[in-house]
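Should a chain be cited, it is by its letter among A, B, C and D, assigned in written order, with residues numbered from 1 in that chain.
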């Protein structure tokens, strides 16, 4: 029986850096405090939008500890702990557990993507779930991994008592629906991109782990509130208004864009780590204009 | 002002062939008669699922004439008339008009896909719409064209008085929503795959041009009826039940699969034209089993 | 036993159009006359670079007749006759034979690319070769078809007495070498892009069907002459000098670029057919500069 | 002025593991000793074929130390030290220098591949080369990174005094030739796949960092020796004979295949680390047969 019930909006939190490239923990705490004031369900640290691939293990652990300590009571703490090898994933997951993570969100290994077959992924996640001190959620993000987990693998893995959910960031709504047909009741299926937030809600998905929630937490929460109140048209309208913003802070401008939007909207984005590059002045102007058009920023 | 209002389910009709490879017009008429008994909005002839790329111009015209003559009163007749060159597309569109098509569904040219830029597509469709005797609908199907029409091109083209709609077969629901933000009222935006049918309805799309409607017309219509009656959960359940069938008759087994399923479900699929290959015996068994599991066929 | 021996450089000839979009047959004849003055092995009409997908059947036949009539004695006349259906491909191939084509270069069908499996391609080309009045060459061009013919299919088809060669435009030199291992002696394996011309020669390939030969016929011929004379370094140097030009007139600027370069270098490019777009002024300047840097045009 | 001259065949060495998943250092030393008996130019440790993404930093350092200590005098020791962040790449490169690496082969960062633009890559490698205690070679491997370094980036970076070479594993021979046009004399351009070994030699490339050299070191060396002795046909024949083996131990069966072939041919492959999976019995039979057909193994 799976006991953890995840429901609502969770930002995969950005990691603010100082000019010298070190983590700006003060800025991070200030962000958590700002998000605590919104009706978010929790925080995902060490995700793709956290520049986790740029953090050392020590930095990851400290970030988690600070996140867990700063989060408002009742907010769930998820940690991205996927590594390429099974053994390192297990190790990092259990370190994360000790640092305060309540569950681990685990990326499909992908470097040798042509060999990450259905049996390989099933074996990997099963070994992990068997050995992990906290529950595991699968993380499917073809945009970065060039790999899409199969419905059959989701079906098999969702039966494991220690695999309690999944974040699907493919943006493929039909796939989300097809996953719903094969998972057991209580399995926490989350949509991983705001571009599919309203359609996912309409399909009965109740969790969104959304990069956009870093800079627009209230609006992401409001889409769900309106939908659940039966105010479908208002939910749709808000969702559609957010779409160009989401495209800008993900596909078009990436994490530097997400951080710049966060800065403009009252959070602390800070700089990105090299080799990511800051937005150019022209890109900043374009992004600012998109926020203005969406009614999120005064002109 | 755009006067044509397209609403409901339209099958992109299969073209039955005899064993010798000629069109089986009798079987085609029988199919139309069977579909006339369902609450479909009309018929699309000469689409991707019609094996239109395998038909001569003469065959296309005769098929259209027969389709128009056999269709129940009030059913809209759409014709796929996209060719690679603008001049041939215009020519074929106007021939189709004379043969009974009420509107043309026009594929983006794609052979020189790297050069089919936004300006090229805008120029192509504008020249066509200026010269066409019937209204034009855009047809976006990246699965076959390896090309995705931009939101900006849709925005510009949807202002043309003779471009009255679009079929988006990308399956990308977020894109469908983003198109909705830029099209004028009355523009007929249709979803082009049953894999996105329920999510599209939830977004306010009211037209589905669905390959699946060849073999499961009643079920496709029923999803919409349930949704519009506010019976969301039943609509979703039926949609989800149809998903594996849709995957089978499109992605997995292609047109040979769609025709075989049509045969099993009371229509006349007939053979495919070479170089398409018929299903193997093993493939037939798998597809039959998928229909059984979906409750469409007795075991 | 295969009797046709194709060796040397063959341009897949451009089709000049007048401002009104009609074929400019005079310009075409002038081009053939210019190319007749170079040591080319023959001409491929109705290829990808001929905008064949924009030509009607009547235009194709007339182009072939004019080409055959204008070609210098001894030049081989190849015609691109691939259509999506097997029956139309056979029909067009035999019409081409009557119009003067000595052999047909036949594109892999590709619209339903996921179903164009090894057995489907083998069946298609076998039926064609059985029915064709002239010998057949396979044409593999993944850039346009998103399909790559397998080594096994080449192995099987190259045994057919009426399949006498292949143009591989993949640019994949290792694949070219792997095809060499499975084809019979006398099978005419041609490289289909100047980007691989020197490496192909080094592997023992003796035929190049090269878009670049439209505007740089002498240089393409000279690479082979130098190589065959044992002047490897000079052959390499010339090949490397041509590489940026080839990239410009294919990948970067497409057929409009190839035609503009032809115009600059003494041939008659003419306009492209819609929806292809002419080069912008800025693109023209860039391309001109590339020709200058390569020493093909005075500054 | 660049002083390091790399010429000849270098295997990107496999990392043997014990059944329990730990590195089998004894087996590794035995492999080095076997390779010492062949005319190889040196060893690349911590490359893609070393399962480097599965190794901890401590394991990487120890592997390097053991490799450097076991290598025959005069063999160059290269280390794969690319990480996603610039700072970690610098750190690992300098640790590798202290452990005995003479130069670092550095993968393009790729997780945020859409943002790894030309300027981002130039900035990354420049910062690294400025800070590195040993010379740097660029490593381009689109198969794993889904990213292809531009000719312009190679042109700029190859001017840096501490960037002394590049391994291009794209398999794109035309690209190799185009890189040759923009690099300074003395820049060590290596081909990174045996599928392009002979064509690369024919273009004047004199270095091959070849996975195949793990199991077929003598044959890889022999291709170069024959070519340099002017025995082109024999070089080609051997190259062509090795092609199916190379396909098998890379594209078809991956590292598990490379290790199994190494075992069969007298080296110590050992197991792969999870989530990589061992070959199935059927796969083993197929691979064994490919080695037999190539004349590398008795039947």
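Keep this in mind: a contact is a pair of C-beta atoms (placed from the backbone, for glycine too) under 8 Å apart; a residue touches a chain by one contact, two chains touch by 3 or more.
Predicted model only: the values in this text are computed from it and were never measured.
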So which chain is farthest from chain A, going by the mean of the CA atoms in each chain? C
Centre to centre, by mean C-alpha position, how many angstrom separate chain B and chain D? 49
Using mean CA coordinates as chain centres, what's the chain A-chain D distance in Å? 35
Quick one: do these chains touch in a line, a ring, a star, all-to-all (complete), or other? ring
Under the stated touch criterion, can you name all the chain pairs that qualify? A-B, A-D, B-C, C-D
Contact residues on chain A for chain B in the complex? 171-174, 177-178, 180-181, 193, 195-196, 198-199, 202-204, 232, 236, 239-240, 243-244, 247
Residue ranges of chain C touching chain B (in the complex, touch as defined): 21, 48, 53-54, 56, 84-88, 109, 111-117, 119-121, 123-124, 127, 144, 146, 251, 254-256, 273-277
